[in-house]
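Structure first, then comments.
The first chain written gets the first letter, and so on, giving A, B, C and D; residue counts start at 1 in each chain.
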C-alpha cells in the first residue's frame, strides 16, 4: 500500500516508525502538515519523496492508496470529508470525533462514498488484548460481568490536547476512547451500551478540561464497562485492563509491569527509558513500545482487510459508538446523573430481558455456595425456592 | 487482658488463632454462642475454661477485661449495649452496624458508659497498609487525589451474610466497610466525605442483596475514595489498594500476588491453599494469613491503647462514619443519584474551598507540562494567565 | 522467659524490636556489650534494668532463663561456652561458627551441658518459607530436584563483617549460611550433603574476603542446593528462593516484590524505605520487616520448644552442618574442585543408591514425553527399553 | 528475499509463521523435508509452490536468495556445506553445531565461500533483550559482574532432541546455547570466555543425555556468565535473565510473568494457552509468542544486514564460540573440573590483568561502605591503605 500521512506530530511519527520497520510492505509516500518545516522534517526523517502544506494535494496524489489521519481531533472531520470526496481509503486515529455528531457525519460520509474506513484504536490491537479477546470469545471466562480499563499518565504531548476546543475534552476524550472500546470488545460489540455515570474533575493542572475521570458504562445485559483515566498519575504510564466473568478473570498490564525490571544508580552513562518519570532507581521499560501499544497488529489488520475486501476489527461505526458513550460521560459529569447513550443507528442485538443462571441444588433449594472451611467442615449455603430463606448445612469434618 | 469472645464462627476463630499465637499475653477466657455445641467446640479448640449460651453471663464474668464481638451484623447492637451496661471494654468486628442509625446508637452507648471501644477494622492494620499510611502522612505522595480499594472473592462463609435482613446488605456492607475506611485513612480522617455515587447489582447469585458494587465517595477537598466489591470474583481473594497523590503512587496487593508462587501438578499429596479456588496449577498462597489480613497488629493497637488509656487507631466513631457512607451508597444504588452523606456529629475539619496549586512559569504563563520528546526536542506546554489560551514552545534537539 | 542479650548492635536491636512488640510474653532483662556506652544506650532504648560489660555477669544473672547471642562471629564460641558453663539455655545468631570445628565445639558443649540450644536461622522461619516447607513436606512438589536460595545486597552494616578474621569470610559466611539451610529444609534435613563446588571472587570492594559467590551443594539423593550470595548487588536487598520438584515449583520473593509498590517524586516530605538504595522513584518496601525476615516466628518456635521440652526447628546441629558445608565451599573456591563435605557425626539417613522413576508406556517402551503440538497433533516420545532408541509417534489432528 | 526452508518441523513452522505475518516482504518459496508427506503438508499450510525431498534441489532453485536451516542438529553441517557450495546465503538455527569442531568447519566453509551467514539465536533478539543490551552498552549498569540466563521447561518437542547422537546432548546443547550467548551479549562479545564449571545430571527422564544442568562461564575480566537449563521444570516455560553490574541490575522475565494473568475454572469452552501445563486455574499466556521469543526482530536484522552488506548481530562466529563454551561445559560435567575453553581463532580483546576500582576515602583509607542505620546513625566502613585493617566510624544521630 502507498500511504499518505496527514499530520507530522507525535502520533504520526509513532505510526511511521511502525510502518517503516520490520520489513513491512506498505510505505508512506507523502506527508501533509499545516507547518511546512514540520512536513519537511518528517519527509526527511522517513525518506519520503513529497511533503505538502495542502491536505487535498496530499490526499489526491495519484499513487496514494490509503490516507492516515494523524491530526488533532478538531481536524478529523475535514480530513475524512476530503478522503470521501477523493474516494480514497482512510484510516483515522482515535478518537474519531470530538462528539458523536461529528463522528456520525464522518461515518455517513465514508459509507456514502463507499470507501474503506478503519478506526485506528491501537489499544484494541495489543497482542495481549487480541489473545485475551480470543480467550473470552472462546468462553474461557464464561459470561462477562465487568471490565475495567485504566489509562493514566502525567499528561499528553501537544498543546492542542490541553485546549478543550481543539480536543473536545481532557482525559475523557484522550484516554477514555481507548478504555470504552476495550470494554466493548470484552463485553461484546453486539451488546448495546445503555447509560453512563461519570465523575470528572480538574484536580491538578491549570486547564479547563478534566484531568481525571472515572465512569461506569452500563450495557443492556447488565455488564459494566468501567474506565479510569487520568493526566495526574505519577510513575510513568499506567495501562491496565481487568475482566471478570462468571468462569474466570483476566488481568493485563501493558506498560509498567511486563517482566522488565531495571535498576540503575544513574552513575553510569545516561539512558532514559521512555515515558519514565526518572532515569535512576527502579525503571520498568517495555521491550518494543509500538508492539506493546498495538500499532503493528493494527496496521496489519487494516491493510489485510483492505486486501481481502472485508471490514477491519475496528471501524468508523465503532468510533461513532465510542463517541456516543463519551458524549454521555461528559453529560453525566455535568449533570451528576446516569445519562442515556444516544445511538442513532444501533446495529447490534437488542436484549429483551436480563437472564439469570441460578444453580438448582435440589427441588427445594438453589445453591448459593459450597465451600470447605479451614477446620475441614464442608458447608452448603442454600436458598429456598419457595420462601427465599437462606440456610446453611454443615457436614463436620 | 482477659477476653470474652461473643460468637464462635469463622471470624471468632480467626481472632482466636491470632490471639493465642506468637506468645501473646492476652487470652480468651470464655465464649458465648447461641448454639451450645458450637460454644463447647470452640472452648475445647482454644482451651477455654468456660462457654455459655448466655451473652450476659459471658460478658459479666468477673475476670473479663474486654469483650470481642464476633457475631453476625444484626446482633452487634444488642451485644454492644450489654457491654455498655456491664461497663466492660468492647471491641466490635466490622461493620459496626447495618446502618448509620444502628452504629450511632452503639457509639452513643459506649461514650455514655465511658468504656473503651475499638472498631476491629483489620484491613486498616495490615503491615503494608500501616507503612503506606505512614508514608502518605509523611508527605511522600503529596496531596492525595484518589484512592481505590478493591475486595472481591467468590462469596462469604455463613448463611447470614447472604440474608439481607441479618447482614444489612450484600457485598457493600460485607466488603465495602473495609474499602471505605481504607480510603478515609489515606485521604485523611479529618476530611469530610460529602456524597456517594454507587452502582450495585445482583449479577450471579440467587439472592436479594447485591453481589457486585462499585462506588465513588467524594470528599470535601475534591479527593475521591473509590471502592470495588464483589462476591462474583473467580480466582481466589482479590485484595488490592491504590493511591494517587500529586507526588506519588502506591499499589498494594495483599493476597494474590505477594511474592509467593507455587505450581503443583496435583499428583503429589494434597495441600489446599486457603481461599484458592483450585489445588493444582499455579497457586498464590500467603505466608501467614492472619498477619497479611492485619489481625495481629490490630489487636496489639487495641490492647496497647487500653493499657495507655488512649484511643485506638480505629474507633466506634470511625465505624459510624463508615456506616454513614454505606447508607448513602445503598441509597445511591437505588436512586441512581449522588447521595449526600448524612453525619450527625462531624468531628473533623470543614474546608471552605478547594485549593489549587498551579505552577507559575513566568509572569505571563502557567506551566502545564514540560517534557522531552522521543526525538530529543524539549517541549513546554503553557497557559496564558490572562487569556487562558494554551500554547507550546519547542526547543529543537 | 527472661532473656539476657549479648551484644547491642544491629542484629541485637532487630531481635529486641521483635521481642518487645506485638504484646509478646518474653522480655529482655539485661544486656552485655564490650562497649559500656552501647550497652547503656541499648538498655535505655528497650527499658532494661541492667546493662553490663561483663558477659559472665550478664549470663549468670539469676533471673535469666535464656541467653541470646548477638555478637560478631568470632565471639560466638566464647559466649556459648559461658552459657554451657552457667547451664543457661542459649540461642545463637547465624552463622553458628566461623568454621565447622568451631561449631562442633559449641554443639558438643551444649550437648554435654544438657542445655537447650537454638540456632537463630531467621530465614528458615519466614512465614512464606514455613508454608512452603509444609507444602513440600505434604508432597505437593513431588521429589525435590533442585533449590536455589539467593541473598544479595550492597554489603553488611558493621566493620567486623568486612574483616575475614573476625567474620570467618565474606558473603559466603554472612549470607551463604542462610541459603544453605534453606536448601537443606527443602531437600530434607535427613538427606546427606556430600560435596560442594563454589566460585567466589572479590569483584568490587577493597577487602580480602569474597564479595560474590555461587555454589552448588550436591546431596546424596542427587538433589542440588544452589546458593547465590553477593555484597555487590544494586537495587536493595534481593531475597529469593526457588524450588523445583518432579511435581511442582515454588518461587519466593521475600523483599523486593511482595505486593507493595510505591512511586514518589521525592518532592513530598522525605520517607526513606529501609535498605532501599534511593528515596525517590519506584520503591518496594515491605510491610513489617521483622516479620518478613522470620524473627517473630523464630522466637515463637524457640520459646515454645523450651516450654515443651522439645527441640526447635533449627538446632546447633543444623548450625554445625551448615558450617561443614560452608567449609567445603571455601575450600572449593580455592581449589576449584568439588570438595567433599566432612561431617563427623552424621545423624540423618544414608542412601545406598539413586532411585529412578521412569514411567513405563507399555511392555516395550518408556514414556519420555506426551504433548499436544500447536497444530493439534498429539505426539508421544518413547524410549525402547531394550535398545535405548528414541522414537516418536504422532497422531494427526 | 526469496527463502528456501530446510526442515518442516516445529521450528520451521515457528519461523514460517513469523515470516508470513505482519505484512513482511520476504517469502518462503520452497521447502525441503526428508519426509515427503511433511514437506507437502508444510507447503500447503504456507502456500508454497514447491516442496522437495532433495536438499540440493531446494537450495539450488534459481529464485532462492537465502536458505534457512531448521533441521535437527546432526544435519546442520551437511546443509551449511551445501549452501556454501551453492553460494547461497544461509541462516542456521541454534545451536550451530553439536560440537565446536563441527561449528568451526561450518564457519570456515561460509567464510571461504564468501556467503552471508547468520546464526538464528532468537533469544538474543527478544525486544526486552535488545533494549536491555542497549542500556548496558550505554553504561546504565556500569561494569557487568554477573549474568544469569535460565531456560527451563518440561522437555522438547521431537524425538531427535532426546537422542544424544543426533542432538549432541540434552538440555545443555538445546537450551544452554541460548543462555551462553545471552551472557556473552551482556558481558561483551569482545571479552574472552576462559573456563567453565558445569554440573549436569539426568534427574527425571529415561534418557542418556542430561535433563538438568547449571554452569558458570568465567570471562577474562572476572565476569561470570551463569546458565541454568532444565527439561524437568513444572509450570510452563521459565525464561528469565538477570544481570548485575556495578551500577545497576536488570531482571527479565520473557514468558511466565509478562503482565498477562488469566484465571479460568475450565467450565467455559476450552482454550489451551500454549506450553502451559494445564488449561484451568491461573494461566500466564504471552501476547504474541513469536515476538516474545525474538523471531520477528531476528529475521529483520538478518535480512536488513543482507540488504546493507553488513554482518548481522549474531554470526556463525558467535555460534562457534557458543559451541566452544558448551564443549567445555560437557567436559566439565564429566571431569568435575573447571575446563578451559578452547578457541582456535579468538577475534576479541585480550586483557592483561583484572582492574580494580577502589574508592579512596582520604589519604589513609579506602571507603568500603557508607550507610544510614535504622536509628539514624551514619556509619562509614573504611579500610586502611597501609595496614588493611577495617574500621568503622559512626556519627550518632
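A few remarks follow.
By our rule, a residue touches a chain if its C-beta (ideal position, glycine included) is under 8 Å from a C-beta of that chain, and two chains touch if they have at least 3 such contacts.
In this text the structure is predicted, and so the values were computed from the model without any measurement.
Greatest centre-to-centre distance from chain C is found for A, with centres as Cα means.
Note: centroid distance chain A to chain B, computed from Cα atoms, is 32 Å.
For the pair chain B and chain D, the distance between mean C-alpha positions equals 48 Å.
With centres defined as mean CA coordinates, chain C is found 36 Å away from chain B.
Among the residues of chain A, those touching two or more other chains are numbered 234-235, 245, 247-249, 263-265. Contact topology of the protein chains: fully connected, every pair of chains touching.
Here chain A touches chain B in the complex through residues 10, 13, 145-146, 148, 152, 154-160, 162-163, 197, 199, 201, 203-208, 212, 214, 216, 218, 222, 224, 226, 228, 230, 232-235, 244-249, 272, 274, 336-338, 356-359, 366, 368-369, 371-375, 379, 381, 383, 388-392, going by the rule given at the top. The part of chain D that touches chain B in the complex is made up of residues 234-236, 263-265, 277-278, 280-284.
Chain contact summary for the complex, chain D toward chain A: residues 21-26, 126-132, 134-135, 138-142, 245, 247-254, 257-271, 273, 285-288, 291, 296-297, 299-300, 303-304.
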